[in-house]
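Here the structure comes first, spelled out in structure tokens, and everything after it is commentary.
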Amino acid sequence: MMSDITSIPGDRPSAAPIKIFGFAAIFLALAILPFVWDNRFYISLITQIMIYGLLAMSLDVLLGYTGLLSFMHNAYLGIGAYMVGLFLIHVSPTSLWLACLVGVIFTGAVALPVGWVQVRTGGLAFALLTLAFGMMFHTIVWKWYSVTGGDDGLMGVPSPDIQLFRWTVGNTGDPTHIYLLTLVVVAICFVLTRRIIRSPFGAVLEAIRENEERAAFVGINVRRYKLYGWMLACILAGIAGALFILYKGYIGPTTMSAFAGAGVLMMVLLGGMGSLWGPLIGAGIFIYIQDYITTMTEHWEIYLGLVVILLVLFMPTGFVGMGSYLKRMRRN
Amino acid sequence: MEAFLCTDDLCRQFGGVTATDCVCIDIEESGLRSIIGPNGAGKTTFINIITGRIPASSGKVFFQGSDITNKPTHELVRMGICRTFQITSIFQNLTVFENVRIARQAHKGGSLKIFSTKRSLKNVSVDTWDILERLGLQDQAHQEAKNLAYGDQRVLEVAIAMAGSPQILFLDEPTAGMSPGETNHISRLIRGLAEEISIVLVEHDMDLVMSISDRITVLHYGSIIAEGLPEEIKTHQMVREAYLGKDA
Amino acid sequence: MTGIATAVDIALNSLVLGGVFLIVAIGLNIIYGLSRVMNLAHGSLFAIGAYTGYTLVASGLNFFVALLITPIIAGFVGLILERMIIAPMRKRSMIYTLILTYGLMFFLDGMIKQTWGNEPRFIELPIFMGETLSILGTHYPVFRLVTLAITAVVMIALMLFLNKTRLGIILRAASTIPEMVSCLGFNMNYVHIGAFVLGSALAGVAGIIAGPLTTIDPLMGHEMLISSFVVIVIGGLGSLRGAVYAAILIGVVQTLAEFFITDLAMVIVYMMMAVILAFRPLGLLGEGKFE
Amino acid sequence: MRKVLKISLCVAIVFLLVIPQLAVAEDPVKIGVLVPLTGIVAQGGLEMKYGIEMAAAEKGTVLGRPIELLVEDTQVKPPIAVTKAEKLVYKDDCKALIGVFSSGVGLAISKNIDKLNVPFLSTHVMTTKFYSLHPLVFRSGQLANDQTAVGNVKGIIARPDLKDRNYYVIVHDYSWGHDAGERFIALAKENGIKIYNEDYDKAPIKTKDWSSYISKIKASGVDGIYMAFITNVIPVFAKQAADFGLQAQGIKLVSAAAPGPLELEAGGEACYGIFGASDWSWDVNNPISDKWELDFFEKYKTIPSDAAVHSYVGAMNLFNAIEKAGNTDAKAIADALRGISYDGPYGTVRISAKDNCMRNDAVLTETMAAPDNPFGAKVYMKVLETFKAEELGPPE
């Protein structure tokens, strides 16, 4: 009997060596990149990709693992970014870590009541509510001129030094330093999120995604776990927001618009739902393509829309995991 | 003596239609109670109310002396009230093992260990394995649930329900659409369970019901028209009328 | 100007605003109620209606003739979308149709911009509608009153259709028990098509009557989409009567907020929605009461 | 394993796409053009692009090298605009940035100008924050809010039909609108013009249905409206006000921004009778202006607008400054820009050496039915008064 436990199916052993190796290789390659290739545009672009990759990954925790759709996940990036920015401007221009902590906690504090209302409604209403609440935050940020800078956005955010214990290791105003900081933070978030979604807690989220009613009938408090999943996603988005403000030194209400929200959703779709790598890659492809299309044509919305339509119709699982999903679809 | 599970004038209306009409029922701590009745008699609605799937319009449900009317589903499950569904309800894209494991985990706790592996919940895995062996699903443990044969999916659903260590288990037409062989397998299983816990069976297969039930309750237009031992029900005048019409 | 005159102004403004919300939201709700698809491109159909109306009137047609033709064209666009894009997705999960129609929204908005350009357009109205009418001391534009009348006519026609005609009754049945309707020998495909055509036609009507009220520009559909969401979420998804109450409620709240506190008008509307949903998660009238 | 392979493949493809673009030709002088080509102000952005292209075509070369314009769409979104600016400077190696619409976008780029380290010349922002903002940030084109306010106040005092009215102030809710409203109110009070609401109304930019605001104006009993709206909204508001009979009741409209010609055409008769200070309209009569209008119309088949002419003059100032600097070094160009001037369609436009912002003459216009004209315009902005650069300030 006990011997069976070692080969329990459905519970993958902790990361295979090859995966750890692959992850380490990519991390190292990205870490030395700015030292061998001094192109500020691409370093800056990759920083942006990693930040949005983290945001897309957090959305995937909701969409791919819990089965909940959020149209405006960017709103929580925005809330985190504004809070970190405001803290740096008004409280302490040098306390980087404290500012980030406050920003992330504040994001969670805002997400909690919103999530509480949202999980009380059904699946579809949940999605529509994310849109409505997202618009609400967008409107608040946009109208609260005295605090948020309204339509002009939050400007004059200082660039604090990056301090580890007592050593100063860099400054967030330096493109290479913020790139490395982003890389480290995103990597840590990736590893932790991967751990979480493979934990007993992750199994509960997956059960809810698969069959909400059955989940309730095995004794799972579905609303509560949906709320936990939502909070996890929003806190990750808040972390992305903290990185965003440190990287750009600026945040405006358009970052929190419905258009921007659609972009995040597309990153997840492009990369593939239900895999943590997918959204990261999706963010890369999306930001690169967007950069390309908007340069080429002023009618980029047409192409953006067309890409979404074609993706959903013909490649609903994105790039990663396409094979396995195709197999499943054929069987269905 | 306090009843194990009982309902008190339980009613449910849909628009103008009364699907459950002032039902009072007492269910024992163990044994197999069958609920039968013609199509549309309100059997499924009745157990839906008890298990918290739909709210009651009026009336009460008591379990071990406490009022459980309209309590959230997950709380009822934690109290030991589990069920299966008429239309198979399992986690399609998870493996058979994972289907039962998650149910066991929900019962045993540990769902908030966000940084541990699933393997770290050792006794959950052990219990899961036991349940799978008992129901004869251990060979399919690796398969995704949706790839199982229909009959095995029905058995899996029973396994999921059992993982909650129920004190009372509601089975909604567990043999619907099964082959005679599969029906035989599951009926033996149910009979075995009934020795330990209380089972409420909604079933159309009269031969099965008559052969394995300890007691039978007959519903018609939402109310109880008869209750008793299988032999009594067989010969009950009103039951015959309900099934065959007044002229029979 | 007297207080009464201002009150009349506000009351009429809220009804006109609520009326437009209502027609768009009812269209969205009909599509959802009958085919379980939440069409996020609905706002774009509203914009298409407005632009079609503009083009027809600009090419010399009478406004009222355009009012009849526009819904036909919008309905036709709805038909094409349903057949080409939505129908193949019907079997997949709701999330996919949501994302798909989201993409469709961007695509249609882009197409509108490419076809009609960026600058605002205005629908020329018949002379008499450009006048103002004196009501209790206020001068109120005639066409706004006409808009109100059109809204009322559309709503009454819709009510009669759903309650009094055979087809309407079948549609209502289809919203609650689709299996039954298909058992009776009706092809559910036709119900889905019918829902899309009817819903899109309503969006088209709303577009042409909203044209003179506001501006016609490529982004007009976005705001309307969000507003109609708020309406149907507050009223209850798929609930037609709920939509009526919610539309009027939002029309009144938004107008009052714009009048008295200007700055935070939209925030107030969203807050109100959050409060209502905190206490009634399924909206005022609950989910799925298609009547 | 296969997953890892797949991922590495994706990374490889991305890099393959990236690397070929790194080869940069050295020959032409590259100028980054940042204008909105999508969003609500896309038409204005397009006209700005035309103006800059026209200037580049006329100028042809600087420092003996061809001018190459690289146009990017800001989408009127500050973060996108900053990304595009980074792209133009870091990737495409542009030596200067020109264009922009919206103060928010302009300020966001300015915030990053230290990193970008190229001169940035805005031809289309009105915020007063641009005065002495940064040694590399300049404005040439479109009157700033303070200048517009002076023009409008002087205009109101000079015109008997505008004088002695009680003005209701309503603005778009963003920095430019607030700034414009506050400047006007302060100056108007100094000059004895009556203001009905000193805590002016701020309407969201997305407002489409103005009926609530119009009801409010009706209820207030004023006889003048001062509005600071994004230009494409001016005809919308004017039309809705006309629907409610405001203009017919003798209420006059004064605007802080000059509406674009296509917007006026769309608004038609409802736009008659809007007053406003601006630096140019095609009604301005001088040989340079007359020739420029015809050339522009010939080339782009659209009615010449002030957005186009600002950008044209701004671009000319920039090109001349590069010529004067003798090289494309950021600091050299910036030094050359300070104090430079250009004689264009609206007279001499000089960039002040003190605050990096331009000084030029301006006009007060009223929109009305256009006389016969080569552009086929039905509505135009008739020049009523002319102001000298010194009158508008700010003093140097």
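Read from first to last, the chains carry the letters A, B, C and D; within each, the first residue is number 1.
Simple rule for what comes next: a residue touches a chain if its C-beta (ideal position, glycine included) is under 8 Å from a C-beta of that chain, and two chains touch if they have at least 3 such contacts.
Everything numeric in this text was worked out from a predicted model, so none of it was measured.
The set of chains touching chain A and also touching chain C is given as D.
Distance between chain centres (mean CA atoms), chain B to chain D: 72 Å.
Between chain A and chain D the centroid-to-centroid distance comes to 36 Å (mean Cα coordinates, whole Å). Separation between the centroids of chain B and chain C, computed from CA atoms only, is 46 Å.
Of all residues in chain C, those that touch two or more other chains are 113, 263, 266. For chain A, the set of residues touching two or more other chains reads 139, 143, 299-301. The multi-chain contact residues of chain D, meaning those touching 2 or more other chains, are 38, 42, 173, 204. In terms of which chains touch, the assembly is arranged in some other way, matching none of the line, ring, star or all-to-all patterns.
Pairwise chain contacts present here: A-B, A-C, A-D, C-D [touch as defined].
Residues 18-19, 22, 26, 39-42, 44-45, 48, 139, 142-143, 145, 149-153, 155-156, 173, 175, 248-252, 254-255, 257, 277, 281, 284-285, 288, 291, 294-295, 298-301, 319-321 of chain A touch chain D in their complex. Considering their complex, residues 38-40, 42-43, 46, 173, 201-204, 206, 208-209, 211-213, 215-216, 218-219, 221, 232-233, 235-236, 239, 243-245, 248-249, 260, 262-263, 266-268, 270 of chain D touch chain C. Put simply, chain C touches chain D in their complex at residues 1, 5-6, 9-10, 13, 16-17, 113, 117-122, 130, 132, 138-141, 143-144, 212-215, 217, 219-220, 223, 255, 258-259, 262-263, 265-266. The touching residues of chain B, when paired with chain A in their complex, are 51, 53, 72-74, 77-78, 82-83, 85, 89-95, 97-98, 101-103, 105-107, 110-122, 124-126, 129, 141-142, 146-147, 160-161, 163-164.
By the touch criterion given at the top, residues 1-2, 4-5, 8-11, 14, 192, 195-196, 198-204, 206-207, 210-211, 213-222, 225, 328, 331-332 of chain A touch chain B in their complex.
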